[in-house]
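Just below sit the structures, each encoded as structure tokens.
Each of the two complexes below includes subunit A, the first together with subunit B, the second together with subunit C.
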Partner chain A sequence: MNGASSASQTLEITANAGVVQARQRVRALAQQCRFSLVEQTKLITAASELARNTLIHGGGGTMTGGLVEERGRRGVRLVFDDRGPGIPDVDLALTDGWTSGAGMGLGLSGSKRLVDEFLLETVPGQGTTVTVTKWAR
Partner chain B sequence: MAAESVSDRLVGLLTVRGEDLGAEWSDKVAGSLGGRVSRAEVQRELKEIYTALVAALAEGGMDGRGEAFGEVRALLTELSRNRAHQGFTPTETAVSVFALKEVLEPALSGDDSDLQAYLKFSTLLDTLGLFTMEVYTRTREELISAQAEQLLELSTPVVKLWDGVIGVPLVGTLDSARTMVVMEKMLQALIDTGSEQAIIDITGVPAVDTEVAQHLLKTVVAARLMGAECTISGIRPQIAQTIVALGINFGDIVTKATLADALRHALRRSGLTLSRTAPQAGAR
Partner chain C sequence: MTERVPILQIGNVLLVSIQTDLDDQSVMLLQDELAAEVVETGAHGVVIDITAVDIVDSFVGRMLATIASISRLLDAQTVVVGMRPAVAITLVELGLSLGGVRTALSLDKGLRLLERARAESLEEPEPDAAAGPGADGVGPDAAAGL
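And now, the complex of A and B:
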């Protein structure tokens, strides 16, 4: 039940070009939702982080994005899904500066701060799904 | 034996009225290209192909991918590459091959052996037409990736802003490949111009995520190793707020809102002071 709205579209993230496309798609959605420039930039940046995690840590996956409406509010909801290794220790992964690779370790924790709602579902050995929502002010 | 007689029949059809058919073919193709290639040029190209085609058929071949058609394919490769470079569409390129079918049609007598021959010829031209398309597509792909590389070079100019101060205005997305190019160009420019101050301006960068930030930090560290100092300018309000929310720390790297601020800072660091003098009477 945490999927995006019915009109949402799914995008494959299997190479760096997928991350670029994800940013472009999210920019279009944020503009459709009349986000301010600051809100747009925050959501695009969060999407960039999560899409790259899907690609690099999840071994590739998808982004499903669309507009949502709830209790008179309009927003953008994005679902990043992969069938990768999963995250064994979620608290550790969400710690600022912690990385299992050579990144800055701020993508997961940082993107959580850039959106209004953040849901991380992961099963080690099965995959990871991150659902984020940002509401128009 | 059957295949041989078909190709013999075709050689007959194509040579008896060879001059006429060749000319008609050239007319049709030149017409389809709308004058963007001269008639004489089309005639020259097609005459060579026509001759090679008849020679291949005379050798007894009917397989467009076979050895007998090596020369034909070489000529078609040249034609496709030229069309792709000149910006013609796939249709305009393939027409050069397919038009020969139309040209041959009225020359048929209508008896069975002619029909047989025409059907085989049609299949042969389909094969050659597809070959032309493959070469065309490959050429376009080569062109596109070459342009992408050029763009990479073009979009990262390094400019001298002042004696000892260079500027690197970044526009667009900073991925790993581009950062490499930027870094190399900037470090080289520091040496070439004997500069000790570099300003990286990110006004044109739409979003700064942790990957971009990491690339920027690496570039600054590399410059420091060479004894140069970097300032990052053009940090717009939405970028500043996003960087803070992400938790990125630029450490002791100097950042400025505008390129002008960064230049003033760089000049001061290189020992220069700017002062405003009262405007002279009569000066505007």
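And now, the complex of A and C:
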């Protein structure tokens, strides 16, 4: 099982309740992966930020999450996908404090700090996909 | 599905204990209701108990800071009590240090902090009102020396 995720599940994020469900799903995955309490809290918080981005900036989308195993490490990988307007300036969007809306501008930059791997793919006019991975210590 | 968090009154203090995973709309509702309750009851303090809260993201963090600012304008102090260590670690890493929010480790300590703050503000005869705007940063010692 190199890099493959086992039994990934996809969750629709189309309303505020979807953000709450995303947190609950990620909590279950983090516990399944035996994350420490601090690691769990960091991953759930990152997921909450990214799920909210998917809803607010992406106009809704999905979160696909599952356990991954790579080079003897176990972790949780989450993919947030939307078909929204995309991000015109990725560097700017990843800057602390920069916000396009009413938030604090910590969603993307903050969640990046809370995970081990962070991949942002975006095409203006077509959508955004953020893939994050956190490994069990 | 908006959830309503009960706001309890104990003497001059409003107490809110967040027990469930609130969606963003419920968080905003709590913020608005607390502001209205502070005015309606004339409360001098607000205690927000987050003992049962296992994550605080930037949205909830902003709500806590906003409630603290709003209640300050309405002559009430806010104390956030019961933050879990993992939540504190995550908030700092996220980039939210909540500088303007007073915290206490327990409800008991939070209530005592509010009592002390109220007693101190009643002892001093409103330095802001007496000195007028622009006098910020002039401590009691400096004022006594004039």
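The definition used in the following text is that the second predicted complex is superposed on the first by the 132 of 137 C-alpha atoms of A that agree within 3 Å, B and C clash if a C-alpha of one lies under 4 Å from a C-alpha of the other, contacts with A are read in each partner's own complex, and residues count from 1 in each chain.
In this section, contacts are C-beta pairs under 8 Å (C-beta built on N, C-alpha and C of every residue); 3 or more make two chains touch, one makes a residue touch a chain.
No experiment lies behind these values; they were computed from the predicted model shown.
Once chain A of one complex is fitted onto chain A of the other, the partner contacts of A:134 are absent, as it touches neither subunit B nor subunit C. In the overlay built on the shared chain, the residue A:113 is in contact with subunit B and with subunit C. Once the two complexes are overlaid on the shared chain, A:77 sits clear of subunit B and of subunit C alike. When the two structures are aligned on the shared chain, A:45 is found in touch with subunit B and with subunit C.
Applying the stated touch rule to the two superposed structures, the overlap between the subunit B and subunit C interfaces on subunit A comprises residues 16, 20, 23, 37-38, 40-42, 44-45, 48-49, 52, 96, 103-104, 106-107, 109-111, 113-114.
Partner subunit B is touched in their complex by these residues of subunit A: 16, 20, 23, 37-38, 40-42, 44-45, 48-49, 52, 96-97, 103-104, 106-107, 109-111, 113-114.
Touching subunit A in their complex are the following residues of subunit B: 173, 175, 206-211, 213-214, 237-239, 241-242, 245-248. Residues of subunit A that touch subunit C in their complex: 16-17, 19-20, 23-24, 27, 37-38, 40-42, 44-45, 48-49, 52, 96, 103-104, 106-107, 109-111, 113-114. The residues of subunit C lying in touch with subunit A in their complex are 1, 21-25, 54-59, 61-62, 84-87, 89-90, 93-96.
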